[in-house]
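The structure appears below as structure tokens.
Should a chain be cited, it is by its letter among A, B, C, D, E, F and G, assigned in written order, with residues numbered from 1 in that chain.
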């Protein structure tokens, strides 16, 4: 189980790194997805080890939330792109224009 | 409720270059389309890719030779184009063809109209993805071409009319073949309609698309089915009857809204009306001469038999061949109803054997010029449907 | 109603504009001055007795021997009344500028481009006057009588980098 | 199983790194898909085939397709690259390293728990993981399930409002 | 152990080769059927009645020049056609194509792998085919290809939902996700009798997912030349072609398994029954293709979201009610 | 409005969609109209014009008298005639060069001098010939006529220029 | 595919030549490329009565997938670059049929705007005379082309030279 958790934590940290370092809105979103997935892996590994099922079910909810998040995030990305003509989040520091 | 267009993601406007060699441009039309997502913002047809300089070329051919040029102008309705040209020359010379020749001309012109509409229906259907329709239309078109070949000797480029009549008398099989064609064809039309007319997909693809109002249509000088689809009852065959069209009883179908579907319906109905004209003409075709050589020996080619047997025939044959016909000075305008609209010939003669100026009023040229206002705000797929529904022929647009 | 009625109406209303009016084989040919063209066309279009709502055709003819070399012929048609008149306008060889009818008739747009392409006449106030049938860099005006029939570039001179089958272009 | 685990973890970590480092967002997205596949492999090893199928169906088949579509529509990769700053990189690296250390410490400390549940491998195999998940979803977790569906619904409306042309 | 390994390998080879061969000969079948519908003959000259036509096409395509367009992303350009083929081929692994047979004392199921989440496996894999199309369209660096790719992708993901929901009724009746179980449940009555609406929705949605007329917007000839594979030539194009036809075989097989009783049938051997049924479903696909015009993009979306999706949901609800009433 | 509703009812839509399917399946069981060209041939029309050929008299002498009518009337300038007197009676007196020019070594020589003018060379460029039939129509001697052999194709352009012997043979 | 360049001349390649030529012969895919009158006759060849699907021909709308370009009609100077472009976009081996008089030699239209024969722009394998040729004549031309392909080898030969 520890192996799984360590893999999960590595992926999680890479996701976090991407979220901090990259400026492309869509790449940031993808890093976020990475972090979600790392968490999922942790859930499944732990619940498998502890002979539980609730972790697995939680993964399903995480997937649902991820889907909802994808819809919103991509909507924001498109709206942002339309407004600014780019997906660089540095351009998001002004309130309007 | 929701409009599809609201959901489209707004992206950069980009230009798409459709053609000049594109499966759906019916030849070599090029349309420069400015797109916003899939919505057409602006469409500019660019023509001239088949420019053959026919108006110039006709000035260097005799009146007799120039007929072959008109064949190749509107190549799916060659007999119809020949008719317009020959009528113009006849008017210039003051020649009148015998009744029998006029009836045969009408039959050929109407057969050509049907075959032209079949080609249109076939290509239009292919543009919208109905491949089977294409093959059905071409199947029957072969029958028409067979008839045309029987009498004129060529499938698409007959060059069969002469000033003052026909090159040859109608072949003996001609009328029988035409009659049997009239018998089977209505059933075939209903077969085409079964595949399309009430099909929901077809309705969705064609209704309320490419609407052009009656005023716009007139202002853009649209003629033919494109104009009639908008509800204007204008047909040269009724307005200024030529070549004995006043003898026949037929209707002019018109549409209401001027959309793609109306133009489709108008053309389908026109095929039926053409059939009606043909059946009247076949039953009433008079016996008699096919060339009015006796009346106008200076303008009309002598019939082959006369030329070979009599001296006077031989002389006028040589005169016809070497000098050509020399119409008196003057300018005339003759227009006929081509499958695509009003095809006009404005001929200027300076008294020599060559036309001084031959101007063709090309129906498709005007029809395609209205493309932009028809497609604005529609999608790329609709652009194809609308382009198809106008029924253009690049040979004639570019001349 | 006969087209002669139209002729009489035109003659009554615009006697000063008309230079000459003929009836050739049942067709009305009216010759007017270039300056009056736009006004005359608008009159033809709007007059309630005439209603020439369609500019059916517009073309030119070249008469190199005449002093007024190029003749532009306008073919007006009235769908409602079934009238057709031909309005002819002449100009000297060096006065190549004509008033454009695009403001009154949309169909004039392409016709005028064609005349420009073939005869080199310029139309004032035309929205987009450029060659239509010949390539943009074509040399000469083909329908002029002194343009040789077979004057064509050598194959090597064809520019092969023109737009092609599948490609994108920014407008 | 051991070998498979290492293969999958290598793929997962490598592709995760690639997601973060690749310049072209489309390549990133493709590596992300690869990463999802590796995770699905983990789930299969852990006897959760249902989750594996869901992972591919929802993540790879739907979410990532959307992402790819948006990347293409906006044509982002063709416009100029968005560079990140150096200080940002350093800070990011530091933060994620610290985070990693914390997690590893926690994992090592808390790894001694004993199994408490009843769903052993054999039981899951006997009943079938899909059935178990289904049963739990519609009994114990009914309320979260409903809330999740409402959340999805709200997300759809929100996405529509965001991406709509005219507000 | 050894026996099972060999048996599995043999099954994999049979399925793989059979599927590729079927995909190749489906091109001929399609041309022949289209020809008959259009009152003509189809391939006649290459071999007896054109029987060698697919081979000739294959040889020609194999020895043709590869063109990778300028500005294309070479790796993705070459990868994309492969992505189309692989899911289509893999999907067939879970489909039982005959009754279990007894070989050397072992009962061998005629199915490469009986996965207990069979249906989910199929759905997961078919949802991947879209990548091939999208990447192919994008990597070609051509506007027509891009348009085609985007259209196809949007179309495929919107039909996915209706496709999945149309199967839910079957799963409810069968009570299992395993395809072998679903087939054996149909020994008395085909599921098409219980689920006619589900069948129709699946038929339409799968046609749309495969991008065939009347839903072939991604490669609509008249509009965007050849859509996402405009820039593809030679073997890469052949891969797209094979992928498309293999998908058709697989989809027909799925329909047969889910709705038409799988390999079950009297008198004839079970494999033959399976093949006959698959053949007939393919005929239906072809028949539809050569009859209807193509839909427009937004109409397609309308059909998917506004008609098929609610219908599928209603189908599920009605099925549930009836099952409660019948107390199953 | 009412009809609109009817048109949009599901029953109506599916009925109309089924009508299409019925039409195609009906054709499916009909006999194909195809004829397999290289194996089967369709009877072509009696008047069908393919490419011109030269006629000869019963004794093998040319009918053509080099009157140039066909060359004059040909719209595409495909026919090129050179006239000369071919004296069939004194074949032995001709030089080799003359024989070549008159293509006499390929022709079956007549036995008498008919005293007529004949073409010394008669060439038709089949790639220019547009099969209009004007030459046949105008020919006063019935020397040229349109054949019905359409099976012609060339690998290069020089093959396409038919000289006298080919024109006679292609009958 | 590029394999053919690495093979020498031996018995394997000659028998391979035969197989490949056979495959190419029965699977000529023309590009959908129509210009003028002859394009209509070209469409007719695809129609039910003539049905060139019998010979293994199907129209491909993308030149990348085509082996044959049937230049069907007059080529104007404005159009010439596009013809050339389509030809260049086709992968080797490729063939050209000049269908009809106008494409072969300019035909009737010996005028300023028409290229006098498409062979001035792209190499032509088979010329079919006629204005327009009957559909049968086009099929005859295709059989002539098949004869030519049959004689060909695996290695792609240089196409016939462009006439200037």
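Just so we're on the same page, a residue touches a chain if its C-beta (ideal position, glycine included) is under 8 Å from a C-beta of that chain, and two chains touch if they have at least 3 such contacts.
Just so you know, these numbers come straight off a predicted model, no measurement behind them.
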What chains touch subunit B and also subunit G?
C, E, F
Touching both subunit B and subunit F: give me those chains, sorted by label.
E, G
Let me spell it out: compute each chain's centre from its C-alpha atoms, then which one is farthest from subunit D's centre?
F
What's the distance between the Cα centroids of subunit B and subunit C, rounded to whole Å?
23
Centre-to-centre distance between subunit G and subunit C (centres being mean Cα positions), rounded to whole Å
42
Using mean CA coordinates as chain centres, what's the subunit E-subunit F distance in Å?
52
Averaging only over C-alpha atoms, locate the centres of subunit A and subunit D and give their separation in whole Å.
7
Send over the residues of subunit A in touch with two or more other chains.
78
Residues of subunit C that touch two or more other chains sit at 134-135, 142, 147, 149, 163-168
Could you check subunit E for residues that touch two or more other chains and list them?
35, 37-41, 44, 143, 221, 225, 230-231, 290-292
Which residues of subunit B touch subunit G in the complex?
20-21, 23, 27-28, 48-53, 56-57, 68-69, 72, 75-76, 119, 122-123, 134-136, 138-139, 141-142, 155-157, 394-395, 398
Touch list for subunit G against partner subunit E, complex
1-4, 19-20, 22-27, 32, 47-49, 51, 53-56, 58, 60-62, 64-65, 67, 89, 91-93, 154, 156
In their shared complex, at which residues does subunit E touch subunit B?
34, 37-40, 143, 147, 213-214, 216-217, 220-225, 290-299, 301-302
In their complex, what parts of subunit D are in touch with subunit E?
26, 30, 33, 49-50, 53-54, 56-57, 60-62, 65-66, 68-69, 72-73, 128, 130
Residue ranges of subunit F in contact with subunit G within the complex
32-38, 41-42, 44, 50-51, 75-77, 125-132, 150-157, 160
